[in-house]
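Structure in C-alpha cells, see below.
Just so it is clear, A, B and C label the chains in written order, and each chain counts residues from 1 on its own.
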C-alpha cells in the first residue's frame, strides 16, 4: 500500500478518535460545572478540560481568561484550534476523501454524512440543549464510523493502520485526562478528600465513559487508586493504557506478518505493553508517582507514533 | 433568445418534424408518454440520491461553496442505433490513428510540415508543443492512448468533430456511473431494450495501458494513476478509475526517480512503476524539466521517460494536437497520413492568424462562435448570436490584439434530445464524447460515451462548469 | 586560448537530507572553434551518473543519491581550447527546427517596452541583421545596470527590464526576447568566461545568447558586455532560456537549512608537452 495512503488512514483514525475524546471531555466538564459550589468547590472545570484535550496553551494564546463559553467554543468549534471537534471531523473527512477507495462505502458515508451535518453547527450563541445535541451527534458519528470499520473492512493493512491511529490517539487521551487530575488521585494511604473529590472522580470516569464499568469491575465505592488502576492497567477496560497497547502490539504484529518483516515499531509497542502488563498500581504510586509515570508514558506514546511513521508512513 | 429567429429548427434526435419518433426512440417515447411530471420528478430524485450516495462530485474552480456540487444528471437516455455507432466508431479510429501519426511525425522528422501542409510555425511555436519530446522514440509510436473526441450532430447523417481532447480527457466516470444509476432506477427499460454494455471500459483501459509498457518493464507491467490530488476538479474520477482498474492512485510525492527508474513509496518499501496514466498537465510533471515551482510532479520523471523506463499516457506534448488551430487542419492530416477521406467531419474553421479569415470573422461576429486556440471548458469563448453588441465589441478588440490566439466557426444547429425540465419534457442541445483507447495491440472504443446536455433552454454550452448536465448514452444492440 | 576550468558547486544541509536528485548540464561539447581537450565530472557521494543528450544537443548527466546527506559537492573540470571566430558558432550539434527558437517562454516573454526597443533598433540600424543586434544590445545596456544579487534565477525578462537592472542572465533574456520579437531565432547559452580580473575565482558561471543571422549562422552575443563572443567564452549548454540550459537543476528530499556555494576558476594554461 502507498505510504501516503497508510499515513492518511492512520491520521483518519486519530482524528475521529480525537473528536470523540474531546466531546466526552466537554460533556464531563459541563456536568461537573453544574455541581453546586458548596459541593464541588469554586474551581474552574474548563482549564483542566482544555489541558486534558492538550490545547490549553493554544487557548491562552487567543484568550486572557478561561471561561466556559470561550472554552467550549475553542474545544468544539474554533477554526483556530487544530484539534477542535469541527476541525478534527473536517480533517478526518478530507482524509477519508483522499483515500476514498481504501474505505468501504459504509465508512465513507458515516464520516461524510457526519461532516455534512455537523459543519452547520456554529459555536457562537449556542444554548446548552443544542450543544448537547451536537456532542451526542459527534459521539454517534464516531461510533458509526468505528462500527462500520469493524463490520465492513477487510482485515488487511488499511484496517490495521486505521486501528493503529485509533489506539495511539486513545492512549494519549486517557493518559492526559488522568494526568490533569492526578492530584485528586492519591495513593491508598493518603488523606481521602470530601465531596469535591467524589465529583472529580466521577468526572474522570465520565470523560472516558467508564463510570458503570468501574462498578462492574471493582464492586466497590469509588476509590482513587482503583480509578487509576482501571484506566492505566486494567486490560478489560477498552480505554485503558494497557488495553490500547495490547491492540497496538496486535495490529503491528499483523503488519509484520503480512509484510514478512518487523522493525522498531513492533519492538517498542511490545516493550510498553509488557511493562503495563507487569506493573501494579501501588508500585506506580510509590515509585515515581502517577504524574511522572503519565508524563513518561505520553512521551513514549508519541515516540511510538514517530517510529510507526518512519517505518511505514513516509 | 434571438437565435431562434436566425437558426433553423435544430434536429431533434427523438422526434422528426412530423412528430413521429425516429428509429431507436420508439420505446423511450412510449415510456415518456406514460410518465407524468410528478412521476418523472420522483425518478429524478431517486437518481440524484443514488449519485449523492455514490459520491460523484464535481469541483468547479473558484467556487468554494460548490466544491462538491453534483453534476446534474438527466434521466432520459440518449439513443444511438448500431448503424450510427458503427460509422462513428470507424471514424473515431481513423481520427485517433491520424492524430498519433501526426504527433510521431512532428516530434520526429516533421514530414507534414516539410510538405507545406501545415505551417511549421503553428506547430513549433505552439504553446503545447514540447521541444523536450523531439527525437524521443515512444513505444509503438503511440502518443495518445486515451482520446475523448467531442462530437455534435446536426442532422440524421452528419456528425461533426468539435474538439479532439488529446491531453487528459475526463468524463469517463460519468459514462460509467450514469449507466449504473440508470440500471438501478429503470430496470424495466433495460429489460425491454438490448443495450451494449459500457462496463468493460476499466478492463479495456488497463489492457491498453499495459500494452504500451516500456520494453524495460520487468514481468507484468506495474500501472499507476497520477493525480494532482484531492483539490483537482476531476479527483473523483481519478480515484474512481484507479479503484476500478485496481491500480494505485498516486500523487507526485508518492513517486521518486532513482537512476532513471520510477518508483512509488509503499509501506513495504519502493516499488517500480512502468506505466503512468497521468492526469496531471505537462507543465507540472517534472520540476527539473518544466515548471520549476511545481510541487505536484516528480523530479527527474522526464529523464526516466527519455531513458525509456516509463510510459506516460498520454505522452507529453500531445496538446499540440488538440489545439484549435491545428484542429482546423485535421481533414488534411487524415488525408496526408492515411490517404483516405475523413469519415468524421470537421466544423469549418476560420483561423484568425490568416488575414482574410480574420477580417471575415470580425465582419461576421454576430453569426459565429469564436474560441481561444488553447482554451477549454467553454471559457474564453464568444457565441456571437447570443451575445449583445457590447460583448461582441470587447471580443473584437481581443481578436485584433492577438489574432493568432483565436479561431471562429459557424454556429452549428446542435441536435436536441428530450430532457426532463421543471415543466415536464423538453428538447435540449447535446453533444457526445466517446472515449477512444489506442493500444499497441488494438484500438478499443466502448460503445457509448458521455452525452452532455445544455440544461438551459436554447443554450449551446454543454460544459459542466457552465451549467451543463449529462445523460446516459445507449447504443442499441439491434 | 587553452583554458583550464574548474567549477565546484557545494551544498550543505543543516538538517540532513534523505535523498537528492540532480540533472547536470555541465559538460561542454565541441564545435569548430571550441575543442574539449578533456572533461570530467565528480560527485562526492556514491552514485551512478547517467549520461544522455537532450533535444537541444546538450550533454546531460543525471544522478540520484540516497541519504542521509549532510551535503553534496559536484565538481566539473577540464581543459578546453578556443578560437576567436567573431562569435560565429559552426559545427555544433544542431537538432531542432529553427522555429522552435522563436518560442515564447515565461522567462523570455517580451513586454511592450522590450518590443519597442527591438522595433526601434530594427528601424534605426538599417536592413542588415548584425547592426540591429548591436543596437539592441546597446539599447539594453543603456536601460539596465549590471547589479548582482538583486534578481534571481526566476526573474523574467519583463521584470528585469522594468526594474532596470540585472545580471548576465537577465541581459540575455531581454536580448533573446527582443530578437525573437523581430523574427530572429535566438537561444540562451550558459558557459564560462575567461577574465583577467577574475583569476581568483567567480561565484557564478556566465550567460549569453546566440542569434541566427542570415548567411552567418548562429552568432554568439554577450549582451551584458555588449560584444560578440570571443575565444574567452566556453560554450557549455543552450536552451530557450536559463531553465533549459541551467548547469544544475535538482531537488532535495527532506533536510533543511540548505546553503549553496559555487566557485568557478577559469585560467589560461600552457599547451601540454
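Rule of thumb we're sticking to: a contact is a pair of C-beta atoms (placed from the backbone, for glycine too) under 8 Å apart; a residue touches a chain by one contact, two chains touch by 3 or more.
Remember, predicted model here, so these are calculated numbers, not experimental data.
Chemist: Taking all protein C-alpha atoms shown, work out their mean, then name the chain whose own C-alpha mean is nearest to it.
Modeler: B
Chemist: From the centre of chain B, which chain's CA centre is farthest?
Modeler: Looking at centroid distances, A is the chain farthest away.
Chemist: What's the distance between the Cα centroids of chain A and chain B, rounded to whole Å?
Modeler: Taking the average C-alpha coordinate of chain A and of chain B, the gap between them is 48 Å.
Chemist: Measure off the straight-line distance from the CA centroid of chain A to the CA centroid of chain C, and report it in whole Å.
Modeler: For chain A versus chain C, the centre distance works out to 58 Å.
Chemist: I'd like to verify one number: the distance from the centre of chain B to the centre of chain C, where each centre is the average of its C-alpha atoms, in whole angstrom.
Modeler: Each chain's C-alpha centroid was found; their separation is 41 Å.
Chemist: Taking the complex as given, what residues does chain B use to touch chain A?
Modeler: Counting only chain B, the residues touching chain A are 53, 55, 229-230, 239-240, 242-243, 248-251, 253-254, 264-268.
Chemist: Touching residues of chain C toward chain B in the complex: what are they?
Modeler: Contact set of chain C toward chain B: 19, 21, 23, 48, 50, 52, 54-56, 60, 62-64, 66, 95-97, 99-100, 102-104, 154, 240, 243, 249-251, 253.
Chemist: Where on chain A does chain B make contact in their complex?
Modeler: 1-4, 6, 94, 97-98, 100-101, 105, 108-109, 112, 157, 161, 255, 259, 312-314
Chemist: What residues of chain B sit close enough to touch chain C in their complex?
Modeler: 110, 113, 120-121, 123-125, 127, 129, 131-136, 256-260, 287-289, 292-293, 299-300, 303, 306-307
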